[in-house]
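Just so it is clear, A, B, C and D label the chains in written order, and each chain counts residues from 1 on its own.
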Amino acid sequence: MTERVVLAYSGGLDTSVCIGWIAEETGAEVIAVAVDVGQGGEDLEAIRKRALACGAVEAEVADARDEFADEYCLPAIKANARYMDQYPLVSSLSRPVIAKHLVAAAKKHGATTVAHGCTGKGNDQVRFEVGIASLAPELTCIAPVRDYAMTRDKAIAFAEANSLPIATTKKSPYSIDQNVFGRAVETGFLEDIWNGPIEDVYEYTQDPAVPREADEVVITFRSGVPVALDGRPVTVLQAIEELNRRAGAQGVGRIDMVEDRLVGIKSREIYEAPGAIALITAHAELENVTVERELARYKRQVEQRWAELVYDGLWFSPLKRALDGFVEEANQYVSGDIRMTLHGGRAVVTGRRSDTSLYDFNLATYDSGDTFDQSQAKGFIEIFGLSSKIAAGRDLTQ
Amino acid sequence: MTERVVLAYSGGLDTSVCIGWIAEETGAEVIAVAVDVGQGGEDLEAIRKRALACGAVEAEVADARDEFADEYCLPAIKANARYMDQYPLVSSLSRPVIAKHLVAAAKKHGATTVAHGCTGKGNDQVRFEVGIASLAPELTCIAPVRDYAMTRDKAIAFAEANSLPIATTKKSPYSIDQNVFGRAVETGFLEDIWNGPIEDVYEYTQDPAVPREADEVVITFRSGVPVALDGRPVTVLQAIEELNRRAGAQGVGRIDMVEDRLVGIKSREIYEAPGAIALITAHAELENVTVERELARYKRQVEQRWAELVYDGLWFSPLKRALDGFVEEANQYVSGDIRMTLHGGRAVVTGRRSDTSLYDFNLATYDSGDTFDQSQAKGFIEIFGLSSKIAAGRDLTQ
Amino acid sequence: MTERVVLAYSGGLDTSVCIGWIAEETGAEVIAVAVDVGQGGEDLEAIRKRALACGAVEAEVADARDEFADEYCLPAIKANARYMDQYPLVSSLSRPVIAKHLVAAAKKHGATTVAHGCTGKGNDQVRFEVGIASLAPELTCIAPVRDYAMTRDKAIAFAEANSLPIATTKKSPYSIDQNVFGRAVETGFLEDIWNGPIEDVYEYTQDPAVPREADEVVITFRSGVPVALDGRPVTVLQAIEELNRRAGAQGVGRIDMVEDRLVGIKSREIYEAPGAIALITAHAELENVTVERELARYKRQVEQRWAELVYDGLWFSPLKRALDGFVEEANQYVSGDIRMTLHGGRAVVTGRRSDTSLYDFNLATYDSGDTFDQSQAKGFIEIFGLSSKIAAGRDLTQ
Amino acid sequence: MTERVVLAYSGGLDTSVCIGWIAEETGAEVIAVAVDVGQGGEDLEAIRKRALACGAVEAEVADARDEFADEYCLPAIKANARYMDQYPLVSSLSRPVIAKHLVAAAKKHGATTVAHGCTGKGNDQVRFEVGIASLAPELTCIAPVRDYAMTRDKAIAFAEANSLPIATTKKSPYSIDQNVFGRAVETGFLEDIWNGPIEDVYEYTQDPAVPREADEVVITFRSGVPVALDGRPVTVLQAIEELNRRAGAQGVGRIDMVEDRLVGIKSREIYEAPGAIALITAHAELENVTVERELARYKRQVEQRWAELVYDGLWFSPLKRALDGFVEEANQYVSGDIRMTLHGGRAVVTGRRSDTSLYDFNLATYDSGDTFDQSQAKGFIEIFGLSSKIAAGRDLTQ
């Protein structure tokens, strides 16, 4: 029986060419799988038909938008996940859900190999291959661009030679990956890190410097899950989409940073993630109100490790799973409303209220009604500082 | 010989009353010490004279602005220190330098006790008393407001009864602490955490929502120290002051948060720290360019602990000292220029250049000239993901 | 109605005197509660009667041995919990279970206050009072020894004056706390930290230096729980008790250390915990076999924090609860047998076998049958070391 | 000019064959370099001559024993370094010092390549190659066993065909690496992890089960450095060597564990490190006496990361260097004497004394003379537990 290869298919030139290329290189039948994680663009059915026209023996498309929002973006919100304190893991989150659909297709169609279009110097190859190895250790992975040196020029030549139904016009100057949680842009002139980005680079966000009316939103969370906007119930997907629109219209969520890739190099990245940044900002402040101090302090470390693991492609790893347990537990009481002003590139919390608040007005106030017993402070300070004081007594005499 | 008490003196009503109050309560002579950490306001000599007029046997004033910037603010910049990821430790940084001057005065004047004006429910009492205990374990601390229940009303009555040369008008509705690194505001109506702040609360920053021209600045660092602005050499103090003006004029550095106090309660705080936020933002991005990945990842944890220790009043503790060694080492190569746009409440990095950069264009580029050997990726991915893959093989069969 | 106080009652002189003392000091009725956590010694019914004879209006005894083993010792085993890498938290574990019973009794009998016999310089006062505050924030705590300065001499005088049915002979030179998980000893001559302990100090363990036959045991775990010894099913309590006997007979589990107390001082402690040390040693090695590397590395940090929290009296805190979730998840596959030699003060693992093992003979062997693909190593090393190599290239030229 | 390769030469069959093998494979001249890190065995001069007889164009030997002890073992002692809480990094420590000598030889002799005898599935290949890349990024590394599939059988055939002056008898059943800090053994029958080790496996240690007289030693440290044994001044090398003899004679320092290799697999390892374990045990207890609590707690995490980095071959990495700064600072006051009994496989601390001790008898004692102010405890407990108590009040009502 002929070997079968499942290909992660986007509908673009590179993966369209991969269909025939893989067939030539390996003699295998190619099954194209396209997964909708909210990247927008073409109709899924058009993509499916193009795959068949390019030679795929089967083509499948999956609408994974709600699955992506509920099972991948939501844990990131609960973990306030920002790699290097900034990047909300946009592409890092979509790779595992795509890997899951590729593995399911491979099992369904009896494929032994999974192919993807990544290069050999990025993070996504690791996320795909480690993810797939963790879901189905028996599958093999190939990456034609990396493994068969399939360059852009060769791809165009192949497409033209084989009359593939795909445009071979000059590539956009930007290398882009996008989904509902955000958008990543790399490009030639930004590889000089002294150059600033230009407006042309952005799509999810308007220029924050343009004067406009502010927008105010109230986001309601229940146990860390965004469940309503301005009082209207929403799914997680809807919350992200609506805030992409509203926060994006105010220029919220632009990031420009030099980033440490898993493969050991530094790269310059531009991101836009208006909904993600608005939701994480609101969630983090609601945690400030509802999570006990020591738990909150420890959670910051867990969040950093969680973001690093997901960035590094270890979504399906045992440690990621155990950290999820911690994050879930910590979100138990993260319920309430956050009022936020979206304006001028900033998402600013202006109010919070919660039935599970740990903020106690009577303990905090300096007005009458204060119930804090200040007489306890002296004993606290003495014993809290004692080990430091004893050490100082030693150090000062040495 | 009469006992002597050194009092941390601000020149305001509370500490002016403390001079006589302490004398009455303890029978001791009071020495007033005022330390200038860039809080602005009255002339130091006027403050010194008022202390004497209020009954101090001695009064000293110290201009500690450069010392504060160089030895307290600068380590915070090197540590990108932001408590709970936000608050740049404004008051937490000034308490130890004031404590140092109080201890020096106590030694000079033969005092056995140090007095400060803090209440019994805040963090500053801990910072003063643990700091003093670490510098001079033999000194005793008192806090009249906390220990002798000196309320505002009693203070006014005392001032009037003793004709002290100090205004006893109704207190500002805001409780404020400020220095060159920033400004903290607490107030009655903000104790309802659903209420948003009003413009009236702010002094160091202009309303970011008002349209105005953007400002662009290039900040030069050498080993983590800001040494020039737009090419002009500056001291750390000058860098903070100039950026307070320029970033403050653009509304940069406002923070509104619910915060975990050391004394176990949550409180609502408004901060403005335009210079601090601009400098830390620039410094952090220069680290992204110049610090190796594993060092950078570990440093984030160290930074969090550093900020917690300083917030918690443990500036002079052995752990803080050891973390300083780590932070210092990590800053060795943090040299270069950061170009930043200050506008609309945001300080946005748009360019970075450095002779000690670890960003390697030839490794990062997707253009010709790429020197990254992509063939290594396959072996890397296989071994990097191996422990996770083996575990998956086990878990999937259980 | 008369106030009621629940007293943590041991049956010894101090707490017997406390019954009348508290009544005199507060006018309240005293309810004595004794909790059996495997400390051995007197019959519970005798203790109950003595409490009544000493003036308690009610006296309750509870056999909490299985509860203690299952809900307090077992989580410590799963966390390989050893404070400062050594002390398996013996007393720290019993305080929360006793607190739970005290709170239950207070609710049952309508008491508003809980009393305990701790001094003001140890850890146990914190563990009781923070534990009780977390279970029933409305209850008040008192500690007669600390709060009413009830010294040993005063206690003897009170007992004699009131003809209490309790011996008032000279106290043992040792201050001891013990339960089924171990035994703690402090004493006068050991307060000189240059003095070594003498055999007289020990009760749970034989002298390891005496020659004797070794004992071999196979401990079976299922998801981290010890479920069989030498193939015989056991409860957790039985596992601890049997290993206390067998490992204790071989001198296993003695600890002599200088320890950092929560109250800021260092103290010298002698512990014996033969069963605890044998179980934790076996459990940790089974984790080496069954837990994936990154999870194992992170778990070590979690274990340290877990032990510190429990030592510091924060058993019922939100962070402890969230860490429990992590530890539980990490123990899911910790199943299998550990063979261990108990001899000469050492519990040495000599064999391990597990159906959930991650040790793969075919990957590990250097013999034929090796399935490890060594060709991947070169790519792995190059990329794994790349960030370090790039930094070295920079550093060497500076 | 002919290319030159520097070969890490041990004098054994494998690396003797490598000399000719590399010459054949690459056409390069081979320079053999042997480094004495206390592995014992043959005379260095005999090894040097054998290298030349096997075809090396140059042969160098270096006595690096003191350098190894002072610059590699000592930092490990200061860091109490034990990978997975057990393994004192024996081989992990020697690789970087050997790498340093290989790089020096390469520079001296104008070589462009360094060769080593490691396989492709162990940690040592990573330690050599990442170490060399960090010291001299321009050098290339080769590993004939891995890269040219040089098996044992092929090596014997090559030696016999070329009449090399080296025995080609059947290999020992054990795979061994040893140096002054310890000895590592892997072997066929131990690859079944249910099998226990036999006495035949050990060389540095006597059977701990044999009855013998105990040995007592007093180890003196100054700022973390062992400087005297029983009052006699020693170098670090002498301290390790003498304790290898004395602790080894008592069976101290045997370790049998399943270990997580960097290359993603678990392996079974037997170690003996009598001197290392005795020194680390003594050093850790002296830290308990002289290091402040919060510094000590944090240092445990640093120690774990330090050990992981060194195990993972990142000795020369920026993070390792920054952690060294922390460890160095933390050892500043680790001075004093530790008395230790070596017996029956155990190194047990029985006494400690130090001029820089933080143990304060007067604070710790329960006897008269107690200076601890117990009245402070109540305030401390209330505020220390407040955040947990407030959270409990919330949680109990949800």
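As a convention for this text, a contact is a pair of C-beta atoms (placed from the backbone, for glycine too) under 8 Å apart; a residue touches a chain by one contact, two chains touch by 3 or more.
This is a predicted model, so every value here is computed, not measured.
Number of steps on the shortest path from chain A to chain D, with steps defined by chain touch: 1. More C-beta pairs in contact connect the chains of C-D than those of the other pair, out of B-D and C-D. Work out the mean CA point of chain B and of chain D, and you get 42 Å between them.
A straight line joining the Cα centres of chain C and chain D is 32 Å long.
The set of chain B residues touching two or more other chains comprises 260, 263-265, 292-294, 314, 317-318, 357-358, 360, 363, 375-378, 380, 382-385, 387-391, 395.
Contacts from chain D toward chain A in the complex involve residues 292-294, 333, 356-358, 360, 363, 373, 375-380, 382-384, 387-388, 390-391, 394-395, 398.
If you check the complex, the residues on chain C that touch chain D are 84-85, 119-121, 125-126, 129-130, 133-135, 137, 146-147, 175, 186, 188, 191-197, 208-209, 211, 214, 254, 256-260, 262-268, 284-285, 288-289, 293, 296-297, 300-301, 304, 308, 313-314, 316-318, 339, 341, 343-346, 348-353, 357-361, 363-367, 370, 372, 374-378, 380-381, 384-385, 388-393, 395-396.
Residue ranges on chain A touching chain C, taken from their complex, read 260, 263-265, 291-292, 294-295, 298-299, 305, 309, 314, 317-319, 321-323, 325-326, 328-330, 383-387, 389-390.
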